[in-house]
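So, here come the structures, one by one.
Shared chain: chain A. Partners: chain B in the first complex, chain C in the second.
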Partner chain A sequence: MSAEPDATTKLFFREAIVRALGEEMRRDEGLVLMGQDIGAFGGPYREFDGLHARFGSGRVRDMPVAEGAMVGVGAGYAAAGGRALVSITYMDFLMLALDPLVNYAAKLRYKTGGQLHAPLVVKTTAGAKGQGVAHSQCIEAWMMGVPGLKVVAPSTPADAYGLLKSALREDGPVLYIDHKRLFPMAGHVPVSESCVPLGVARVERAGGDVTLVGHSWMMVPVLAAADRLETEGISCEVIDLRTLAPLDTAALCASAGRTGALVTVEEGQLTCGVGAEIAFRVHEAVPGIRAARVGAAPAPVSSNPVLEAAVVPDADRIVAAVCRLLRGKP
Partner chain B sequence: MTLPDPALLRSMMLIRAFEASLMARKDHGFQLLSSGQEAVSVGLCAALEPDDQLLCSGRSIGPALARRLDPNRVLAELLGKEAGYCSGRGGRGHMAAPARGFFGAHAVVGGNLTVAAGVALRLQGEGRSSLVACMFGDGACGSGALHETLNIAAIWRLPLLLVCDNNQYSVSTPRAAALAPARLSDLAAPFGIRGMTVDGMDVQAVRDAAQALAATVRAGGGPAFLECLSYGFTAHSTSSRESRPRDEVAAARDRCPIRGYTEVLMRSGVVDRTQVAEMTREIDIVVAAANRFADDAAFPSPADVLLNVG
Partner chain C sequence: MIYQLLVPGPVEDVEEVRILEWHGGPGSAFAPGDLVVELETHKALIEVRAGRASTLRAILCKEGAWQRIGAPLAVFSDAADEPVPDNAAELAELAVSFEVV
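Then we have the complex of A and B:
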């Protein structure tokens, strides 16, 4: 019996990932998964649980600690007619693999005049969760300016499932970013197989006074801030970017055009950040827009819990930024 | 040992004449030449089958022509013309013609090594006896990418033939000042990978070694490492200053692989002086035609700058 079209089932975030990977592995026999500890161990966050047993060590490959080679091998395998997902445990380590991702995979179709392309997903995990200065960073903004590279960062199990499936059907490289704090989160995922298109933001809740924009784990403090602002009589329209490259500029401008005010929220640095890019794009289309950015303090993210919290944005700071913007007071 | 082969001579002569004609052009652009190092590309390609894939560094002209790409389209690509293999987008640094067994160049030193391992993984999964050859300079031997590639290729027994075209310099830095191992093929030993070092100015020595190693790779023996000791006749690139001792360059020119192999072929009676002269004339015609082809070809339209980006 087939499920109702809108029927959903409750899955943990990591389970949504396992399901997406399993379905795409079944659908595309050329798809190979590569990474550290993704085999019988099941992935650092159990987000590869059971896949090794189902698909074998030829298609679910544990790799040595060699991020550059992991992405390079994945890119070469993909370019030669396969498809690869490479798991980089923490986004901080992606820095070791930028050459094959940025210099090779992202440019491959262009530089070969369309002869080759690299259907490659680099899946990684960003964000602060007590692990210190080289295990906590959110550097997605660095990647948004690479021509040929798409960047996605879901905040819900449903989007993790649907965006990962879409990423695994792309012709070119996609950077897919989870957040450590999202893995234990549960949410409703469609029962029937489905994809979430890349490049489409979601209006998480409608409102009239200000547009709040975030992605990934930041959607949690953003929504908490919107709840609190509601009690103070400020109606927030909340947008989850879902895809960072290409940005859904049209959706952002439409919302900000209605509300007249924009607050961007990101866990990474503000300088040349996601918010800076969004604010300027909206400013170009919506002259006179009032805008503010919330992001990390300009400091490394310590494993020290007091200092970590001092760096990373929270609902208090988002509320304060909105109030400052709308009322001109702290 | 296989017999002397005039095709090897012709292929080396083509590369030399092609590059000379390129350098005679005012619009030659930024190039890394293979002149002096022709024997490495030509000897290696003599050991490759049509279904194999060759990857190389940004020093791509020798490898591309040795792999029998069309000189017309190679020159068009080097000059940025739409008729080039990559529609003029790749240039020397990223020349590619995968349908012709030339998976392509990648101009980041060491950058193609891990990619080549990935291509080899794909071929291995398809269950064919094809192999992937990857050429790189001695400079790449200082990169972590080589260590990572050797390790993974050994563990997975990938059909990968790594070929180091050791021209003794990383731009200006002599190999001895940059790399600790006595022989660069020694780098393969800790991984249990078979390595050989041969005279890269001797095309037959390169071919014979490449054939021997390719046979073990094809037979499922896993990767192999071939170091070819070569020397470039010109500076690192068309934009870099010559820093090498003059007498060292002169001594290398005395070991010219083309002159040396011509003598081998003539001594063994495979060709005579007339046949060599005829070969020279025929190559001049091919090279002149390539220049005409590239001259007649159009640059891409600026309106197409976004083509094939995403």
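Then we have the complex of A and C:
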């Protein structure tokens, strides 16, 4: 059955991931998935549903609670000529696996003079959703400065599908980050098999007064803030980064050059964060740019919902930051 | 009496559901507790069971379609031959919420 080129079908976020994994496993027989509870259980968010039944326990491998070993085995298998996706349930646990990811996988091609490379995707889930200090963090900014490592963070089912497929065709390691709060979401995904290129941001909404930049779950409060600002007569251009490394600096500078004002939004910490990097790069290309950053308060993320909400950015704080920047007052 | 079956809620985090399977069609009679329809969220199946004896008259959302929490799924009536309005506005005025379990 052939579909219209622009035809879409509505899928849950998890189904977009399952579809990307299933298609890429069919395309590349060397692709092996490894992770905790991804076998018959189907994954922590059911984002591996049915893959174990389709591809068997040789290619969809349940792993022990040993993140360092999981990424190490994945990187080694990839270096030996395979291709691996390793699922790290929560991004906080990625800290246990930074050595094989940063010191081995990301540097393999450089240190072997191009003789070896590690086609490895580490998939993980970031973000605050009531699970407390060590299960809520967004540490993607730590990973943006690792030469040899690409980082993607979709905000929609369509981008989850397309970015994951592109990541699974890369020669080197890619960190793919989704978010706990994205999983209840459904959205339209192309019916035809397709990829979303890495390194290309998307203008989600055109506007003239200020450029708002976000990624992952933060796109939801960013777009809500843009709606509210519109009613106050402020027109926002909204950019979804989609890829954090390499950053689509050209798209950011083009937009901020037009609007003259930039507000970055991230769920992680502001210090040495995504916004700090973006603001400086845009400042280099667009001298005189007015810029502001919105991010987590400098505190751990509590499992207490009141304290969690006090730390994580929301639409109110984004609106306030834009108003302060443009009008010099809240 | 005419009833409208709405997507039951609220369900935490869920804004809309996908209709998985209807367990009957127009004309089917349901006793209290009978399974009417199964709905799918991002992580669970919701079994919607009849809260009263009634007859299914019209299905408004086919299997595979999506509907928002609180939005209409189907029309029921007490008597199998009771006249049911076919336009949504009139129906919304006449119908009361169908009880589910």
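Note that the second predicted complex is superposed on the first by the 329 of 330 C-alpha atoms of A that agree within 3 Å, B and C clash if a C-alpha of one lies under 4 Å from a C-alpha of the other, contacts with A are read in each partner's own complex, and residues count from 1 in each chain.
Note that in this section a residue touches a chain if its C-beta (ideal position, glycine included) is under 8 Å from a C-beta of that chain, and two chains touch if they have at least 3 such contacts.
All values derive from a computational prediction rather than experimental measurement.
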> Is A:Gly172 contacted by the first partner chain B, the second partner chain C, both or neither?
Replying inline: first
>> Going by the contact rule set out at the top, does A:Thr231 touch chain B (first), chain C (second), both, or neither?
In response: neither
> Touching A:Gly76, do we find chain B (first), chain C (second), both, or neither?
Replying inline: first
>> Between chain C and chain B, which one touches more residues of chain A when both complexes sit on the common chain A?
In response: B
>> Looking at A:Thr271, would you say it contacts chain B, chain C, both, or neither? Reply first, second, both or neither.
In response: neither
> If you stack the two complexes on chain A, which partner ends up touching A:Gln115: first (chain B), second (chain C), both, or neither?
Replying inline: first
> In the complex of these two chains, what residues of chain A are touching chain B?
Replying inline: 32, 58, 63-64, 66, 68-69, 71-82, 84, 99-100, 103-104, 107, 109-116, 147-148, 150, 172
>> Considering only the defined contacts, which chain B positions touch chain A in the complex?
In response: 53, 84-90, 94, 96-99, 103-104, 106, 108, 111, 113-123, 125, 144-145, 148-149, 151-152, 155, 307-310
> Tell me, which parts of chain C touch chain A in their complex?
Replying inline: 13-16, 18, 41-43, 66
> In their shared complex, at which residues does chain A touch chain C?
Replying inline: 10, 12-14, 45-46, 181, 183-186
